[in-house]
């Protein structure tokens, strides 16, 4: 069973373009983050509540493939899903599509672990059961 | 007496350009910050030593006038000077010039106060005498 | 007579924060641009239609005063108005307020001229009458 | 035979940090670009000469793994190498190390193709022989 992806939407800002006239490739990594924050908030896991528990989820790795460039002011959607979660790490996948054409512009993923404020990795299954359950409930399997 | 301005130099990065093909205007504010950090370090006031004293110097205001755009890979210099300092606030001025043409591309300034870690404004004359003296010594008057 | 300001709204992105834990001061200049683009589109002057006419409106100057920092995920509004327009130049003013507290966080302005694609300044009164009239109609006087 | 990697060096700027107090993960993708531009210039392939030939080399994909965060003002080096090249595509790998500690902070790669100004992919072996030879000469095999 695959749950429907969360959709995060906005337009390309002028300052995100580069001299090729399209969104600079580094900015897609920032879109991933924007979409991730909105996705987690939507799942009942806003950043503020994780932070209040002393939990952080730094990025371990990120990758992105670029298919078709986005232009200034073009509306796009970032389809966002948790792909895997084991109480220790999770992976989120992203598909960025032009809203008008429906064209797939870029896709990628990011991997994260959980740490305390001191950046020490931790398992959340026992000590953060409510957060564990929310993560599991929004995971695709 | 006006002391010689400190010179901070580098080239324009690709990701700093926008679809007009030149450095995006917001990035000049970032150049001001880069130049300011280098200027203060050069004056014996590296960020780390201010921070070690519990001092911060947030930006109160900034302004910039744009004369001639910088292109990708173009080498430029930021001429940086403290314009005023009263133990409570200081103002830094910046002139950004193309290294090749010598042309003035942008000029501006930023105003700063001193605060403690809790962002409460403080006077540095009595409690941070060494820092006060260093600021005064690199000020133009 | 002063027309009601246009309101542009969003939240602070994580990547817009800096090590002080708040939105980096350079990003307010980018918010001005976002708000300006939305304001002009709302006024019937979308970037695409200006561009289709061969018109550009580069930034001549910008300034910003910082009163109270915005935090990650904080919702804010940019109140945007054209302050002056003479067919050759225009100035836009911005007030950034926290949506929750209503507190004024920053305010500033940007000045622009009109140019053709070759960046040559032009007057729009005679050759771009429809655009001239739209600008005048959304101006405060 | 593996050639020595090209080294690109600078410090972390203040505006590159985020509220975790370290360089934001998206900025490493920008460091890759800075290092790539410097690497290619050093290899006799400055952007301006590629552009003068009507050649572009857009990013097809990028990935980065994060090991240890870089702090504000920390000096780092980006070790940069062409890993593969076939006249049609090339891949560059990057290792970012703290200059002081020598610690590996991040590593990644980017893949690129060659296109003309209209973004149409092209092979450079026949029509751009000089560029082809320069690329081959700085490739590790």
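As written, the chains take the letters A, B, C and D, and residue 1 is the first residue of each chain.
What we mean here is this: a residue touches a chain if its C-beta (ideal position, glycine included) is under 8 Å from a C-beta of that chain, and two chains touch if they have at least 3 such contacts.
Predicted model, so just to flag it, every value in this text is computed and none were measured.
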Need the most distant chain from chain B, centre defined as the mean of C-alpha atoms. A
Considering A-D alongside C-D, which chain pair is linked by more C-beta pairs in contact? A-D
Let me have the rounded angstrom distance from the C-alpha centre of chain A over to the C-alpha centre of chain D, please. 25
Euclidean distance of C-alpha centroids - chain C vs chain D, Å: 35
Residues of chain C touching 2+ other chains? 14-15, 26, 30, 33, 72
Per the touch rule, the chain C residues reaching chain D in their complex are 14-15, 17-19, 21-22, 24, 26, 72
Could you pull out which chain C residues touch chain B in their complex? 20, 25-27, 29-30, 33, 56, 58-66, 69, 119
Can you check the complex and tell me which residues of chain C touch chain A? 13-15, 30, 33-34, 37, 46-48, 72-73
